[in-house]
Structure formats: C-alpha cells, structure tokens
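Heads up, there are several structures right after this.
Paired with subunit B in one complex and with subunit C in the other, subunit A is shared by the two complexes that follow.
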Partner chain A sequence: MTMLHIMILIPFVFAIFVPLLYKYFNKRLHSGWFVILIPIIIFVYLLQLIPKISSGATIYETIPWIPSFGINLDMYVDGLSLIFGLLITGIGALVILYSIYYLSKEKEALHNFYVYLLLFMGAMLGLVFSDNILVLYVFWELTSISSFLLIAYWYEREKSRYGAQKSMLITIFGGLAMLSGFIMLSMITDTYSIREMFAMSETIIAHDLFLPAMILILLGAFTKSAQFPFSIWLPDAMEAPTPISAYLHSATMVKAGIYLVARLTPIFGGTAEWFWIISIVGLITLLYGSFNAVKQIDLKGLLAYSTISQLGMIMSLLGIGSAALYFGYGNEAAVYAAAITAAIFHMINHSTFKGALFMVVGIVDHETGTRDIRRLGGLMTVMPITFTVALIGSFAMAGLPPFNGFLSKEMFFASVVKVTEMDVFNMETLGVLFPIIAWVASVFTFIYSMILVFKTFRGKYKPDRLEKKAHEAPIGMLISPIILASLVIVIFFFPNVIADLLLVPAVSAILPSLIEEGVLNIHISAWHGFSAELYMTIGVVVVGTIMYLLLKKWTKVYRLYPQNLTINALYNNSLETSQRIAASMTNKYMTGYTRDYLAYIFTFFVLLIGGTLIITNSITIDLTNDAPVNIFELAIMFSMLVAAFTILLAKSRLTAIISLGVLGYLVSLFFVIFRAPDLALTQLVVETVTTALFLLCFFHLPKFKEQTQKHKKGVPFKPLNLIISIAVGAVVTVFAFSANGTQIFEPIASYYEDSYELAGAKNIVNAILVDFRGIDTMLEIFVLCITALSVYTLIKLRFSRREK
Partner chain B sequence: MKKPNDIILRAVTNVAVVIILTFAIYLFLAGHHNPGGGFIGGLAFAAALTLLFLTYDIDSIRANFPFDFKVLTAVGVLIAVFTGLGGILFDKPFLFQAFDYFNLPIFGKTELATAVLFDVGVALAVIGTAMVIIMTISEDR
Partner chain C sequence: METLMSILIGVLFTIGTYLILTKSLIRIILGTSIISHGVHLLILTMGGLKSGGPPLLGIDTTTFTDALPQALILTAIVINFATTALFLVLSYRAYQELGTDNTAEMRGDENE
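Up next, the complex of A and B:
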C-alpha cells in the first residue's frame, strides 16, 4: 500500500462514511464540506509530484490484486496522467464547493449525490493512473456507472431516466467493445501492461488483429468522449444537476476517451489508419457539435453541443499529432508534436472555461428558474459578477484574446494548416478539407459563444417571464467560477509556466521517441506575427459577428433537416423495436406456470448432460466391481417404486404428499444402510420440514378434484412430459454409472480422511462443510437467506399492492 | 376454521418439543466429532418449531419466540461471513478455521474450534430461513 494507492482508494473508502456523516451532521452542516476535503488532499498530493514528474521522472507502484491472472493495481504517474489527476481533483474540489451552494441540504438526497460523486472521482483517478489495461477497463466502466447514477440523480423525472439510460447504453457498449480490443491487444503482446506494449508497437502494428483491436478500442474512446455519431448521449446527460454537468460531462469523464487515445498513441500512432480515423471523426464531431449548438434554446443544451465540438477538436488534434510518430524525429516530427501539445493545452483550457460557463449557467438557472434563452435577457445589470465570468468564459471559448482559448485555438489552426503540407497517408487528396472544416466550425463556435453571453445577459430584461425574481448568486456559489475564470486569464499571460511544468512531461509521455531526439521545444506565445492562423482568427471574428447579427435570417436552415432522420430518432426507434421484440420473445416462453419452467430446466439438463456424455463418448457401465445387492436394498427399492407410482396415480393431494414423504424417508434408509448417518439425519429432518411446508401450501392450491373432474381419467396425460421424465431418469442413471466407472483424476477423498489432523474434527462430513469447503457452505446459506427473503417479499408485497 | 379436538397432539407436542429441541442442540454440538452439525441441528430446531406451530396457532409461537426470523437469517449469514473474515486478520485465507485444545475447569481438556462459530451462523441461517418461509406462507390468507 503506497501513498499513490491510498490517494486513489481514499474516495471509495470515504464514500462509505458519507451516509453516516449525512445522517448525523446534515442538520448543522452541508455534507459537501466533508467531501471537499478528499479532492483537496489528493490535489495537494499531486501538486507536490509536479517537480518530480516535470524533471522527467515517473512513478510506478504496484500491489497485487488478482496476481494469478496478472491483474494488479499497477499505478503509474507520468506527465499525461498527472494532468488528468490534477484536473479531476482540482475541478472536483471547485465543483463540490459550488454544489454546496447549489444543492439545498434540506431538499436534496445529498448522501446519494456525494457517494456517487466520490465513486466517480475514485474511478476516474484509477482510470488515468492504471497501467494495467484490465484494471483500467474496470475503472472505465465504473465511471460509466457513476455517471449513470448521477444523471439519474433526480430519478423521479422521466427525462433524467431517459438520459441516464441513453448514456449508459452507449458508453457501456463502447466499453465492452474496448474490452474486446484490450483482450486482442493482450493476445498479441502477452501482457496487460500498457508500458510494456509501447515497446512492442511494431509487433502490434504488423499483427492481423491490429486493425480490429484498434477500431474496437477507438469505439470505447469515441463513445466516452461523445464523438460523432455517439455524441447523442451528451445533450441528454444534461438532465444531471449542473455541478455534475460541469464536472463529469465537460471537464473530466468525457475526456477519458481523449486520455485513452493519448495514452495509446505510442502503440498505434504513426499508422495511416489511426491518423485518419481519429482526425476525421474529430473534425466531423467538431463541425457537428458547433453547428448544432447554435440552434439550441436551452443554455445547457448549447453547452453540451459545444462540449461535443470542443472534444472533437481535441480528438482531431491528437489524430494529426500522431503523425509525429510516423516521422519519428527531426523538424517534421516536431511540427506534429505541436498538435499534441495543442490538444493537451486545449484540454486544460477547455476544462477551465467550460467549467466556469457551466457554473454560470447553473447560477442563472438557480436564480431565475429557467435556462431557456428565449425567456432570458438583460441579466447583466442584475448579475454583474456572473456576467463577467460568462463573458470571460465565452470569449475564451470563441478563441479571442486575452483568454487562454485564443492560444490553443491558434495552435489548432496552425496544426490544420501544417497538415495540408504533409505528403504521406494520401494526405494530398482530402488534406485541404482540414483547415476548411476547422475554420467553418470555429465560425459557429464564435456564434454560439456570443449567443450564450449576449442573449442571456444583454437585451431586454423580462422579469415577468422568469419563475423567480433574479438577483446575484451568493458569494459561495461564485467562488468556483471566479477561480476558473481567473485561471482563463492567468493562463493566457503565463502559458509557458503550464507548458514547462505540465505540457512537456505530458507530450513526452505521448511521444516518447521525440524526447530522446531532443526536438521537443514547446514555447507558447500569443503573438507570432501575421501568420495564417492569425488571419483565420480574424476571419472567424468578422464572419462570426456578421452571422450573429443576421442570426434570424438564416436559422431557418436548421428546420430543413427532417426530424425523423436524426441519430436520436434512430436510437429511439431501435430502442423501442428491441424492447418490443424482447417482450414478445419473453412472453412466448415465460408462461407463468412452474410446470413449463420445470420442463425447460429438465430438457436443458437432459440435453447438456446427456449430450456431453454422448459427445465425449464416456458412457461406461461396468458392474463387475460393484457390491452385490442384498435383500434389504431390494425391499427398499421395491417400496420406493410403490411410493413413486402412488404419487403418479394419486387422486388427492394428501395421498401424493404422503407418498412423497414415504419416498424421502426410504431414501434416508438407504443412507443408513450405506453408513452415512449425517446424510440420513439431514434427509429425515428435511423430509419432515418440507412435508409440513407442503401441507401449508395446500391452502392456496385449487382443489385437486376439480381439476380432475374436467378430464375423466385423472390428470391429463401429456406424452411430452412423459418423455422428459423418462429421459431425466435415464440420464441420471447412466451418468451415475459412468461416473462410478470412470476415474480420470486422482480422487480427492483421501485428503479429507486426515480431517482430525487438519481440522481437529472426527466427523469428516462436518469438517468438509465448515472447514475444507467452507465457502460452499457460506454461499449455500446466502442462497437460503435470499430464498427466505424472496418468499417474504413475493407474498408480502403482493398484499400491499392489492391493498392499494 | 373448526376448532379441532387435538388434546392428544398437544399433550404429546409439549413433551416432544422439549426432546426435539434438546436433541437439536445436541446434534449441533456433536457435529464436530459425531453425526450432526449446524445444518442438521438448525433443521431439527426448525422442525420442533414447525411442530409447535402445527399444534398451536401462529400468535402463540410469536409470543414465545419474539424475534424476527428474517433478522435471524441475516445475523446467521453475517456471523458466517465475519468468522471467515477473522482468518484474514491473522494473514490466513478467507474462511480459515483454527482449532486448539484447552484445559478448562469442569470439562478438562477441551477442543475449541472457530468452526463452531461458523456453524452457529449456518444453524441460525437455516432456522431463520425455514421459519420465514413457513410463517410467511401460513400467514398468507
């Protein structure tokens, strides 16, 4: 257990105590004050790692989890994971601070909220620090699950449940695809360690499974990071409380896909497939997101599409940057390494300004009761501080100076311009589209940034259309957005502090070969002459302003696209269809009759056991070594047969049950003859208790007679059931004989004979039950417990429903 | 329901239940070296309760055994799990059972085993399960 492991596991451990703290302190103190300590502690811990990591060192700690399968908690800190760790905990602390004022402690189920939030935080930390891909996968799915729980936090709203289900279905689908990709990777490399895979990059790329593994893993990354066409879940995820939208759905969780792509770049990077898939998907997402953001009337919807678009931009930068690994060294590589730098830099910037914007929107929602752009307006004078933060955030998002978004946007433009000069990967065919798409998308980004700030805060103040009387938010709620907004400005003026401390180690983690070459020279400056990227920015501002002013004239284009052809419609239709098909399939075999289910179970049993016996050709009936059958056994056998036939032909239930009891007692007599007193005793008592149970159930069953009267010759005869019963009997008999006649392995019985020395018990049966195979017994009593509780719930809940 | 004339049943039950309960406890304790153990002991105990229940009505059983059998089941399972966890504290595998011999007053040299604690859990879970099922079904009118 090292410090690093403790830091990653603290959120999980603390989550256990949150409900207790909530229970005892909630009246006096908002639970968030306890929870906020966790991200602060981890943040401080990670901060003090910066000097070490930025000097080029890495930290690797491991503790065994399932060592027999090579699955260990291998935690690895390098520049890339450190940035993510800092974002997760830093933004996490600010979001929790914000949530303390956003969520009322009187009305909200805060214990649930903070448990889910801590669960997410721990999972996300585990995700970015895991070196073992299977552990990474486990944490990956855990983030999906906690995101699901948080989106459905107000689960009484139908939209919340819909959004939660949608995000779950899409991200888990991607997660499973990613798992199979990981398994393929580990099949190729025979390791689970990502770092060991780096060294085998050439083997992986030459392997047949390279392309499928890559595509499957990218599916995971694209679904998580809301890339087109999987982006549809993100706008619906906005049903979550705003702190969650700010935290999970803009700053951290949706960046997990970015992280994965960046993390695996040393393995796949430098290939044409990786380059094309990621940059094209990224660019399409960028355009799709920014184009759709403009038409949103819900502020959070606008931010959701804007997040999609920004994620697409970062993704495309990672795609472009991966070309650096193709060149490997020299100035050519350095040019593309700049794209990777831009990606990581923009990711940090995006977390700051988007986090601030989400919090601003949350404040507007909280103080006015609506997020509808059409009802808002003129809030500038009412909420001056909020307006300032919104202005900073929006201008940074639009890529204007003096805000950090300008720097990374310029770097983005520089990269897409540079990439047109590339002469590999068939770049000459489509390469020219890169800067065009980037520029068009940036124009839309500019427009929606302006909509966000000016439609909300300028224009006419319409107090009659707001649900509450608007006023400035309490200071506690403003602290977090103010901190983020100041960062936006600070980063603009001192970008190279971040570059030296965080970006260089991160880029060197993504492009390790470049570090050895010494070509990595990251220097970010706001002013670099009248270059192509500056003209592009000026063009964006000019065209964007004109289009924003003429907004009403051209928004009709959004109505041109038919609603039933959207991806959302496709998702809804396929969900509905699959539910309908599943329901009709289930209704076909779930008849509600125990007798039918028994028939299924027995048929399956016969097919499985009987089939295995025949396929493996293991039917051996060898009676030569068996003991002779004596007269007592024969007599008991005969009595059992009589009892069994009595059950079949019984005219009343009482007779049937008593005969069943007779059968059971006779079986216990067999145990006595074969000297198994424990079994005999158990059988006797079980038989007694079950007979009593049967008698109790009598009360609820329809009369036996009434059933039989409909059919003159007793219970209707069903040939299929006869065949199944005979088959079951035959299979069991053959199976028993064969098991007795075949010995593939050394019998383990001799081990148990030492029970007195090993377990201090002379009764082997009991020693087996409580000691040698204690887990079996434990799980058996679990089953008993579950059975008892289900009988109880089935009967008692049925009652309460009827009473309603 | 017509009140049955069950004086013989009641007279027998009063004596038999004591015998069965004693036997159940004996079975439970004997399990370590002789036929018996938590499962059988628990079931025999449940059988005694069932007999009581068949003879008298449910309310008198509730009055005499005033605990919730659902809770009893859960307690049994928890005891079993926690005795299993005990092994972990001593750096042994989960569900590791220890035993040793002690010189106790009255009993003399006696073997004490943690397996008995585990068996207590098993017995409680079995009694609880049987009683929950029987009582729930019989209350369902």
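Up next, the complex of A and C:
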C-alpha cells in the first residue's frame, strides 16, 4: 500500500463514514465541511508531486489484484494524469465548498449527495492514474454510475430520471464498446499495461484488429466526452444540482474521453484514421455545440451546449496534434505538438472559466428562482460580484483578452491555420475546412457568451417575473467562483508558469519522442504580432458583435430545422420502440400457463442436450458390450410399454392409477434383474404407498371426462405436444446410447467396494447412503419431514374465505 | 439389453412428457411419475447392466455391479415419493377449493 494508492482509496473509504457523520452532526454542521477535507488532502499531496513530475520523472506503484490474469492496481503518475488529478481535486474542493451554501442541510439528502460525489472523485482519480486498461475500465464505468446517481439526485423529478437514464444508456454503451476495444488491444499486444503498449505501437498499427479496436475505444471516449452525435445526453444531465454540473459535466468527467484520447495518442497517433476521425468529430461537435447554444433559453442548457462545443474544440486539437507523431521529430512535428499543448492548456482554462460560469448560473438560479433567460435581466446592480465573475468567465469563453481563454483560443486558431499547410493524410482536399469551421464556431461562441452575460445582467430588471426577490449571494457561495475567476486572469498574465510546471510534462507524456529530441519548446505569449490568428480573433469579435446585436433578426433559422429529425427524437423513438417491441414479445411468450413454460423448458432441453451431442460429435451407438437379453426380460419390457400406453390412453382414472402401479412394480422387477436388491425393496414399498395414496385421493379428484366435455375420450391430441414429447424421448434414448458407448473416466465404484474396511458394512449401497454420504441422506430425511408437514398442513388448511 | 433399455426409457420419457403437457393436474402427476421411472432406469443403464453380482460383500462373487448409481436411485425414489405425495395432496386440495383440476380453469382472471 503506497501513498498513491491510499490517496485513491481515501474517497471510497470516507464515503462509508459520510452517512454516519450526517446522522450525528447534520443539525449542527453541514456535512460538506467534513467532505471538503478529502479533496484538499489529495490536492496537497498532488501539488507536492509537481516538482518531481516537471523534472521529467514519473511515479509507478503497483498492488497485485488478480495477478494470474495480469490485472493489477498499477498506478502511474506522469504529467498528463497529474493535471487531471489536480483538476479533479482542486475543482472538487471548490465545488464542495460551493455546495455547502448551495444545498440546504435542512432540506436535502446530503449524505446521498456526498457519498455519490466521493464515489465519483475516487473513481475519476483511479481512472486517470491507472496504467492497467482493465482497471481503468472499471473506474471508467464507476464514473458513469456515480454520474447517473448524481443526475438522478432529485429522483422525484421526472426530468432528472430521464436525464440520468439517457446519460447511463449512452455512456455505458460507449464504455462497453471501449471494453471490447481494450480486449482487442490486449489480444494484439498480450499486455494490459498502457505503457507497455506504447512500445508496441507499430505492431498494433500493422495488425488487422487495429481499426476495429481504435473505433471501439473512440466510441467510449466520444460518448463520455459528449462528442457529436452522442452529445445529446449532456444537456439532459443538467437536471443534476448545479455543483454537480460544474464538477462532473463540465470540469472533470466529460474530460475523461479527452484524457483517454490523449493517453492513447502514443499508440494510435500518427495514423491517418486517428487524425481524421478525431479532428472531424471534434470540429463537428465544436460547430454543433456552439450553434445550438445560441438558441437555448435555459442558462444551464446554454452552458451544456457550450461545454459540448469546447470539448469538441479540445478533441479536434488532439486530433490535429496527433500528426506530430507522423512527422516523428523536427520542426514540422513541433508545429503540431503545439496543438497538443493548446488542447491541454485549453482544458485547464475551460475548467476554470466554465466552473466559474456554472457556479454563477447556480447563484442566479438560487437567488432568483429561475434560469430562464427571457425572465432574467438587469441583475448587474443587484448582484455586482456575481456579475463580475460572469463577465470574466464569459469573456474568457469568448476568447477575449485579458483572460486565459484568449491564449488558448489563439493557439487553437494557429493550429487550424497551420494544419492547412500539411501535405499528408489527403489534407489538401478538406484541410481548408478546418479554419473555416473553427472560425464560424468561434463566432457563435462569442454570441452565446455575450447572451449569457448581457441578457442576464443587463437590460431591464423584471422583479415581477422572478420567483424570489433577487439579492447578492452569501459570501460563502461566492468564494469558489471568485477563486476560479481570479485564476482566469492570473493564468493570462503568467501562462508560462503553468506551461513549465504542468504543460511540458503533460505534452511529453502524450508525445514522448519529441521531448527526447528536445524540439518541444513551449512558450505561451499573449502578443505575437499581427498574425493570422489575431486577425481571426478580431474578425470573431466584429462579426460576433454585429450578429449579437441583430440576434432577433436571424434566430428564426433555428425554427427551420424540423423537430422530429433531431438526434434526441431519434433517441426517444428508438427507446420507445424497443420498449414496445420488448413488451409485445414478452406478452407473446409469457402466457401465464405453466404448460407453455414447460413446453419451452422441454424444447430447450432438446436443443441443449441434442445440440451438445451433435456439436461435440459424441453420438455413439455401440452394441457390442450389451448384456444378453432373455425372453423373461423382453416380456417385462413389453408389459411396461403396455402399462405406459395404458396410462396415456386411459379413459378412467382407475385404469390409469392401476397401470401406474403396474409400471412401478415392473420397474422393481427390473431392479431385481439388474442386481439391485435394495432398490427393488424400496421401489416395492414406495409403489405400494403411492398407489394407495392415489386411490385415497381417487374419491376426491374429478373424473377425466368431467374436465373437458369436448374430450371425453381420454387424453386430448395435440400435435405440437406430441412432437416435443417424441423429441424429448429421442434425445434421452440417444443420450443413453452415447453414455453406454463412451467411457471418459474410470468408474469410482471400486472405492466403495472396500466398504467393510472403511465403514464396517457389507451392503455397499447402504454404506454409501448412511456413511459415505451420510449428511446427504440426513438432509433427504429433512426434505421428507418438510413434505410430511406440508401434506399435513395442506389437508388441515381451511381458507378463511370458506369459513365466512 | 442396454439398447432395448435405452429405447424403453425413451418411450417412458415421451409418454411422461406428453402427459405433463396436458391440462389435467392428475395427468401431470402421472407424467412426472413415469418420467421418474425413466430417470431411475436411465441412471441404472448408464452404470452398465448385469456386469457383476449384487453389491453385497460376503456373498460368493468377486465382481459387483456399480453400487453408486444404485445409491443415487435410492435417494431419487424416496424424494420422488415425497414430491408425488405432495403433488397429490396439493391437487386434491386445489380441487376441493376450486372445483376443477384443469390448470387452464384454475387460473383466475381478476389479477391479469
């Protein structure tokens, strides 16, 4: 157990104690004050790792879990996972602080909330630090589950349940696809360790399973990171409490897909497929998200689409940057490595400004009772601090100086411009689209950022349309957004501190070969002359401002797209259809008649046993070892057949019962012939008692002919049942043949032949029953006792209904 | 002998299965009894028939029939007896309460 493992384990362990703390302290102290210690402890632990990691070292610790399968808790810290770890715990601490003021300790089920939150935190830390892909997968699904629980936190609301189900279905689908991709990867490389796979990158790319494995893994990453067309779950996930939206659905969990893509870039990067799929999906998501964000009337909906859009942007940067691995090293590679730097840098920036914005929206919601843009307005004077934070966050999101979003946005523009000059992967055909899509999407980003801040805080104050009288939030609630907003500005002025401490190690983890060659030189500056990216930013601001001012004139375009053709409609329809089909299928075969179910069971018996016999090719008919038959035995057999058919065809119960008795006695005769005296004796006794019992009930049970007037002539004829019955009989016969014709193991009977020495008994069968398998027999007697009691109770039982 | 027994067992299973698939409770019970006879004979046949003397030490023989299937069957006979008895009483009581032994009629429709 190392420090690193303990840090990942703490959230899980502490989660167990949260309900207890809640029970005993809730009246005096908000449970969040206990929980906040956990992320702070881990954050501090990770902070002190920074000097070590930034000097190029890594940490690797392992604990065996299932060593025989090569599945161990291999934890690995490098620059990339460290950034995620810091984000998870840092934002986590701020979010918990915020939640202490956001969620009332009187009204909310806080113990559930914090248990889920800690579960998520632990899972997310485990995810980013795991080197073993199967362990990573386990943590990956655990984040999906905790996200599901948190979205459905207000489970009494229908929309929450809908959103939770949607996110669950989509992310788990992706997770399972990813698992199969991982299994393919491990089949190719014969290892579960990601770092060992790096070394085998060329083997993987040359393998037949390369493309399926890559696509399946990307499905996992795209569903988790809400990439188009899987993005539809994220807006519905906004039903979660706002601290959760800020934490899971903007700052951390949705970035797990980004993490995975970045983590696996050394394996898949440098191939045209990886480059194209990720860049194109990312760019489409970027445009789709920003375009749809503009039409939202719910502030959280707007932020959700904006998150989708920003995730798309980071994703496309990772795609573009993967080209660096194609070029190996040299100046050309360094150009694309800058895209990776931009991706990681923007991811950090996005967590800061989007976290702040979510918290601001939460405050607005909390203090006014609504998030509807049409009802809000003029809050600037009422909530000046909230307004300032919102302004900083929005301008950073729009990519304006002096905020950190400007830096990473410029780097993004630089990358999409540079990529058009690339002459591999058929870039000359579609490459020109990259900067165009990026620029258009940025214009929409600018517009929705302006909507967010100006429609809410400027304009006319409409107190009559708000549910509460608006006022500034309590200071505790403002601390977290203020910290994040300060970071937004600090990062703008001192970007190279972050670059040296965090970005360089992270990029070197994604592009290991470049660092060795020393070509990677990350230096971020706000001013780099009148370059293409600066003109693009100016263009965004000018066109964005014009379009924002003319918003009413052109928002009609959103109504042009038919509602029933959206991906959401597709999701809803397919869900409904599958439910309907499932229900009608179930109704078809679940008839409620036991005999139908028995027919299924028999059919499956035939298919299973018969099928196994055929598939394993074990049908043998070997007549050579048969014991001789004499005329007496033939006579018994014939009599048994007659008795059995009599039972089947009997018109009266008495005939049937007596024939059954005959059959039983004939069986006991066979036991005699087959050298089984004990069986014969038992069978005789049991058969006598059973027949007597049948005859006792004889008086009370209805006659056969009474049951159905139509079938007075004995058993009704049903062709299907006959076919099933004959099939069962045939399978059993073939099975018996094969059993006689095959001998796989030596019989163990000779062991029991020493029964006199072992158990002091001369009757071997008796020795087996009462000695070798004595407990078994005792339990059998126990069963008999239960049956006797049941029989007695059944006879004595009188239903209350009858007594009335 | 084994061949003939296998066929006989198959026939017993066929008849038993067909009876179980009918609607009458008493036929279902008869069917289960026939199938259990079939099972007993099947286990015995699979162990090999007449391959030695009865599994009793002290009698004048050196080879014994396999005793293990016999022990299994003995257990099966007793358990089968118990279930048959329970079944019978159950159907007797069901008939008393409901006035039918037809499983299709027993099924009420109020809770459908």
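Worth a mention:
Everything below uses one rule, namely that the second predicted complex is superposed on the first by the 591 of 804 C-alpha atoms of A that agree within 3 Å, B and C clash if a C-alpha of one lies under 4 Å from a C-alpha of the other, contacts with A are read in each partner's own complex, and residues count from 1 in each chain.
We adopt the following convention: a contact is a pair of C-beta atoms (placed from the backbone, for glycine too) under 8 Å apart; a residue touches a chain by one contact, two chains touch by 3 or more.
Predicted model only: the values in this text are computed from it and were never measured.
Of the two partner chains, subunit C is the only one that A:A599 touches; subunit B does not reach it.
Among subunit B and subunit C, the chain that touches a larger number of residues in subunit A is C. Contacts of A:M640 after superposition: subunit C is touched, whereas subunit B is not reached. Contacts of A:P677 after superposition on the shared chain: both subunit B and subunit C are touched. Judged by the touch definition given at the top, the superposed model places A:A759 against subunit B, while subunit C stays out of reach. Once chain A of one complex is fitted onto chain A of the other, the partner contacts of A:P628 are limited to subunit C, with no touch recorded for subunit B. Looking at the shared chain after the overlay, A:L789 reaches subunit B, while subunit C stays out of its contact range.
Contacts of A:A692 after superposition on the shared chain: subunit B is touched, whereas subunit C is not.
Of the two partner chains placed by the overlay, only subunit B lies in contact with A:G774; subunit C stays clear of it. Judged by the touch definition given at the top, the superposed model places A:A656 against subunit C, while subunit B stays out of reach.
Shared contact residues of subunit A, touching subunit B in one structure and subunit C in the other: 677-678, 682, 686, 689, 693, 697, 700, 761-763, 765, 769, 777, 784, 787, 791, 795, 799. Across the complex, subunit A is touched by residues 27, 31-40, 43-44, 46-47, 50, 54, 69-70, 73-74, 76-77, 80-81, 84, 94-95, 97, 99-100, 111, 113, 115, 118-119, 121-122, 125-126, 128-130, 132-134, 136-141 of subunit B. Across the complex, subunit A is touched by residues 1-15, 17-27, 30, 33-34, 37-38, 40-42, 44-58, 64-68, 70-71, 73-75, 77-86, 88-93, 95-97, 100-104, 107, 112 of subunit C.
Residue ranges of subunit A in contact with subunit C, taken from their complex: 592-595, 598-599, 602, 623, 625-629, 633-634, 637, 640-641, 644-645, 647-648, 653, 656-657, 660, 663-664, 667, 670-671, 673-679, 682-683, 686, 689-690, 693-694, 697, 700-702, 704, 707-708, 715-716, 718, 721-722, 724-726, 728-730, 732-733, 735-737, 739-740, 747-749, 752-753, 755-756, 761-765, 768-769, 773, 776-777, 780, 783-784, 787, 790-791, 794-795, 797, 799, 802. Subunit A makes touch with subunit B in their complex at residues 677-678, 681-682, 685-686, 688-689, 692-693, 696-697, 699-700, 759-763, 765-767, 769-771, 774-775, 777-778, 781-782, 784-785, 787-789, 791-792, 795-796, 799.
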